[in-house]
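A, B, C and D label the chains in the order they appear, each numbered from 1.
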């Protein structure tokens, strides 16, 4: 019978054997992915206002995050849902991050927007819905900016690595993978966070891997324990949704942590990180 | 517990109640989707050469297809796989279709390519991987060209309809949905062809629905019985991969029918169509 | 990497090549699976009362079913849900079936109940949750009674055929497979009815295959079109839930047809069956 | 539209609110589930011989396991695969466990075998394929023996808890849940280990939860990192496959650890356990 063949055997640049050492992706902001130091990106789903993003940036910097996440261009299932503040959102995001010494990671959805987003971001995020948006992968690859490549909603590991290969083939070596949960039959959680890919990818590729427990579970109360599990499994960092007032968030409120919950998470995470030989970023002096 | 909420309740333009009658999408080539007459699109996965596409067009027109499908821009998991002939492929496709009185349906992947592809195509196909490529949906919507919107690899019916809503909201009323199978745990077939969505969509939306049994199964021998099942379930048409020499196809050979198998399919399909009050296009006199 | 290997290559007795012709399973009641004549089993999810089962039996016999289905032992997710009438249900079921010339198909869940259920049934049903209840498979196999083996909730085709192999290996050649939908990420329908397995199984095994569109969709309005699709795909019969008053059914009311809807289904089905060279049972004279 | 309704709202005995404190399940052997002390069950997939089970028991006891797992009755997809040593396997298992001060956990598949297995085991395991084998649940519940209830291959959390409710309703309060991975579209790992259920179940139920990273991944090299992740997520213990010579194992060799790899796992696990306020069993003095 004819069966679908996984393409991993075709992987050239992203496979583990392609480099003698595992890749460490370093951002201009100072954050890095893949070394002893963990990368902790935190922030709201959407940039909503100057006040909201400043309050969030200050809080997450104080708690020890070294990257500010936040969406200015939002991929929304419904055309009637909030679509993001666009360039104004990028400006607010970059300003807030700058005030507290954080790097900026934010999503780009349209290949035509890559230059614009790259002007404000330290790292371009390619979202789950765009993991196989090949035109976007080529533009992001050619930009040379560090890229955070999220796993598609139901992407196999093979497909995900092949998407990374598009980026590498375009000349961009600064690629970080992000597990964010996959679709499942059970609606108890928003997705199934597939942490096994963390050690599996460590065998298959030299690229760093981080975990997004917010989208991975969709439930704020599960974010802390799954963050701890991710780091124990060997993840190189986390992407966590934090909002000063989740109940009023324009998107993803049910999976966003309050600032104090995020601070609690960082505190609980420190001994777990130490137990596997990793360390958290130092809390920002600026915050 | 917080649970993901499906967005169908937000559907406005695509929902069944938005129109008094079901939409019939008519192409300039004469083919239509949604009336008694079925739409039968057939052709290769990729346009490979003038000879290949001419031979296919001639054969499928003779067997009773009224649309020629074929890819000039190909979404490929691997960057090392054949990526399509691009504009040259569009030219070959349109020329072959013209010779045999067929309409052209072909995929567009990049929002920047919409004007180019629209020049050659009677209908723009948005592929499974791009169902939630919102920039592409907006451009395709604004082009006014009829759009074939394939279901995403693991898209819910709600998400699929919301993607159609993006097209309608951009002012394009000529939208046809295409079920092409969804991801499953079983590798016995490439995807699980979810035919229940055919009658389900007839309740939820006024838009026509066709079925792609080639991607839906990934196995050429299953294409004929699943085509018959699709029409019996109420589908408004089919999208079938046909190649003059599947064993040498640059892509999707294992799920492509030989021309004579496609002719056999059309013959077997006729009484099934009649049994549910539908009819097949007349075989082209030009072929 | 170590990957799970499907066991189909180990299939001996159930594989297509094990017999020169496809198996036709004939019941004592006269119904058969696998020939030109389709097998149509209809009835309530649960046997509830003498009146309910008699009314259903009469109606489905009149509409052309040749088998009465109904549960006396019910596999219920919740221990607080109705668990079935047990032996009293079997008695009511057999009596009603006898009055209208129908064969009886009913589920057995416990290996210790096989002799009891076999006394009343023409065919033992092994439900989706028990597809890999190997003790039950062995007892059902040794009973020699015809067995209807439903596909597990997320069973691969390989696993399903191997479950059939347990029955055949116990000496029972009267095995019929029943596709009833598999688990999926989309809650739009209760399950995804995987009709591609109908032609796929025709290649892999000599055993007959029927389809249960009631559990396959979970939505009564989809049962008729999916029944038509199943027969067009080559299924050897149907298993349909019918209840005289679905709104008051103790279980599965939302997917049960009223008797008049079932009669309409049979009428719509006749030309589809004819279009693929199959015929429906004659309506019972007794009803 | 009719949608499937999850039954958790019907949960009575297993729900968190049913008890003031979380349940701690204590075995006669001294092991317990749910307190500070973790439960570590290790051993081969199948009991194969006196030598094999003795060597394994000795090694896992020495490394700090407090329970010996091993199958005497094996649920096998193929009837031609090794089906277990039966009662002889139970005898060997119990003897080996006794020599090294370990408790015994072993699977029972047939309701008629519950008394036999209960004679040798400290804890009855109900496997994934039997999670909704209600006759077995009732017998196991009535036996009063501690029960390890594995999650079904594609069971929702709701269904799993309802299966536990069957056990509790039969009067058995000694129930431990075991996450062992669920089916997914990706064959990169055997299953997707769904660790999010660990903190989720801590909210929904008072019952302890352990994790089986061996079946959860199917790949021996992933067992150690996923064990660490499980404990970091809050699991009350582990179920790990260990075999003295995985390459010659009659079943599940590719996911079994060598004794020295298991010892390494326990060493790496200790600081992670400490970081979340848990501790490992002391290594057996007898071994």
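Methods note: contacts are C-beta pairs under 8 Å (C-beta built on N, C-alpha and C of every residue); 3 or more make two chains touch, one makes a residue touch a chain.
Source: prediction; values computed, not measured.
Q: Chains touching chain A and chain B alike, please list them.
A: Common neighbours, chain A/chain B: C, D.
Q: Determine which of the two chain pairs, A-C or C-D, is joined by the larger number of C-beta pairs in contact.
A: C-D
Q: Quick check for the class: compute each chain's Cα centroid; which one is farthest from the centroid of chain A?
A: C
Q: Rounded to a whole Å, what is the gap between the Cα centroids of chain A and chain C?
A: Computed from C-alpha means, the inter-chain centre distance equals 47 Å.
Q: For chain B versus chain C, what separation do you get between their C-alpha means, in angstrom?
A: For chain B versus chain C, the centre distance works out to 34 Å.
Q: Between chain C and chain D, what's the gap in Å when you average each chain's C-alpha atoms?
A: Here the centre of chain D sits 34 Å away from the centre of chain C.
Q: Please set out, as single numbers or ranges, the residues of chain B touching at least two other chains.
A: Touching at least two other chains: 1, 154, 158, 183-185, 187-188, 203, 219.
Q: Would you tell me which residues of chain D are touching chain A in their complex?
A: Listed in rising order, the residues of chain D that touch chain A are 6, 154, 156-158, 182-189, 192-200, 203, 216-217, 219, 221-222, 225-226, 228-234, 271-272, 274-276.
Q: Report the residues of chain D in contact with chain C in the complex, numbered from low to high.
A: Per the stated touch rule, the residues are 1-4, 7, 10, 12, 75-81, 109-112, 129-130, 132-135, 152-154, 158-159, 162, 165-166, 169, 183, 187-188, 190, 218-220, 254-255.
Q: Under the definition above, what is the set of chain D residues touching chain B in their complex?
A: 1, 154, 183-185, 187, 203
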